[in-house]
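Below: a set of structures, written as structure tokens.
One chain, chain A, links the two complexes that follow: it is found with chain B in the first and with chain C in the second.
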Partner chain A sequence: MSTATRVKATILVRPKEGILDPQGQAVEGALQELGFPVTAVRIGRVVDIELDTADADEARAQLERACEQLLANPLIERYEIAVER
Partner chain B sequence: MSTATRVKATILVRPKEGILDPQGQAVEGALQELGFPVTAVRIGRVVDIELDTADADEARAQLERACEQLLANPLIERYEIAVER
Partner chain C sequence: MSERRPRVGIVVFPGSNDDRDAAWALAAIGAEPVLVWHAERELPDVQAVVLPGGFSYGDYLRAGAIARFAPAMRAVAAFAAEGGLVLGICNGFQILCEAGLLPGALRPNTSLRFVCRDVAVRVERTDTPFTRRCRDGQRLVVPVKHGEGCFYADGALLAELESAGQIVLRYADGQNPNGSAGDVAGVVNADGNVFALMPHPEHAVDPLLGSADGALILASLVDAAAERVGASLTASGAPV
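Moving on, here comes the complex of A and B:
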């Protein structure tokens, strides 16, 4: 008999190395025009999520599936899942 | 006489509490339809950035200004800057 626990997690989704990042390039150019000494900018997403699962391990397994199915595009993006203790 | 150093930093930009996050709401609904037991989703941006400055303190000061001017909308977003040592 399992009871669900509210688990919080943060997922970082970033463009893979070598994949073009037009949003990062645009921001890099804009920062340089403003005078900032930037040499590289890459932009991804941070997803803060709460879910009800048996425990942190189950939450991580669910979030891996959620990343593969919806939160990231595994062809061009990599993701990191951090589950709060 | 100062020499510039390449500094790497990561900035997290998130919607402030109480601010509507339509992207997060859409993803929350989509995950629930897929059967994931999610109860909250908030979506922001992760910005990985490199810049040439005197040191890490100067980098942080520059990045604060970059966030206020371009990387975040301080009215509706909060940001966290982590400079790599």
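Moving on, here comes the complex of A and C:
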């Protein structure tokens, strides 16, 4: 089997600490209604991505730029990039 | 006289839905509106640009996040960099923040509800091209209709905007419809030529529709645009 020429990655985008997350609050309230002992919920976003490169480091560098330019708004969100090796 | 009307470009994105309302209102006030398709790489000969309300690109990812990469936005950024007048309304505000042409960000309303109603805003500055027809502290009644209008700036940025006088409009006491920091309803950039607001002035230009206060903002822009063609705006019917 030849080496894959694509890199898979997962990006987590979360609201920064201190940023009000009304969606998380609403879900927190609903979970409490259901009887779950929930004390905090924050909701972010998962982006599964495949890149047309075989180089994981290159992929990470590309994804850093993608996050800064589009996938996250650095003013209000932070992100984590996990590249599958 | 018609050839002396200032031309105001209105960028139409896929999902814009107040572009024609803005064109109608600007024409009623004495401008010549020019619709500009988002795929255009250059702006036509215009003295001002409006980014209208709507849901450009379905508001996917974050409101305004994808529209900022439209070819026309590159032209708008260049226009703004040269001092061109740019007005963002609602989705236009979101796009300008995402594009970095205005400070801050617009987040989902703290209520998580879409709000659609008249709100009162207070004019904090009248020495801008967008508010020159208003009186200091004037209360304007203008409708809002948005789900993501909660202006966010951290404490340091908000203080900076306050001290630099960049907060041009605030929701009146008890009127903040979305949880915006500092009750901010409209901000201007440091150079004073790019301004945006969440309320819709184009929907408040005729008393028959409940308020004509929005015409003050659009007429301010049209006046300022008219000076840029070297003509004074004397179109009859222009609101005072």
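The criterion applied here is as follows: the second predicted complex is superposed on the first by the 80 of 85 C-alpha atoms of A that agree within 3 Å, B and C clash if a C-alpha of one lies under 4 Å from a C-alpha of the other, contacts with A are read in each partner's own complex, and residues count from 1 in each chain.
Keep in mind that, in the parts below, contacts are C-beta pairs under 8 Å (C-beta built on N, C-alpha and C of every residue); 3 or more make two chains touch, one makes a residue touch a chain.
In this text the structure is predicted, and so the values were computed from the model without any measurement.
By the document's definition of touching, of the two partners only chain B reaches A:30; chain C does not. Of the two partners chain B and chain C, more residues of chain A are touched by B.
Residue contacts after overlaying the shared chain place A:38 against chain B, while chain C stays out of touching range. Of the two partner chains placed by superposition, only chain B is touched by A:12; chain C is not. Once the two complexes are overlaid on the shared chain, A:75 sits against chain C while remaining clear of chain B. Touch criterion not met for A:54: it reaches neither chain B nor chain C. Across the superposed pair, chain B and chain C both touch chain A at residues 70-71.
Touching chain A in their complex are the following residues of chain C: 61-62, 65-66, 69, 98, 104-105, 107-112, 150, 152, 154, 179. Only residues 18-20, 22-23, 26, 70-71, 73, 75-76 of chain A touch chain C when the two sit together in their complex.
Across the complex, chain A is touched by residues 4, 6, 12-14, 24, 27, 30-31, 34, 36-53, 62, 65-66, 69-71 of chain B.
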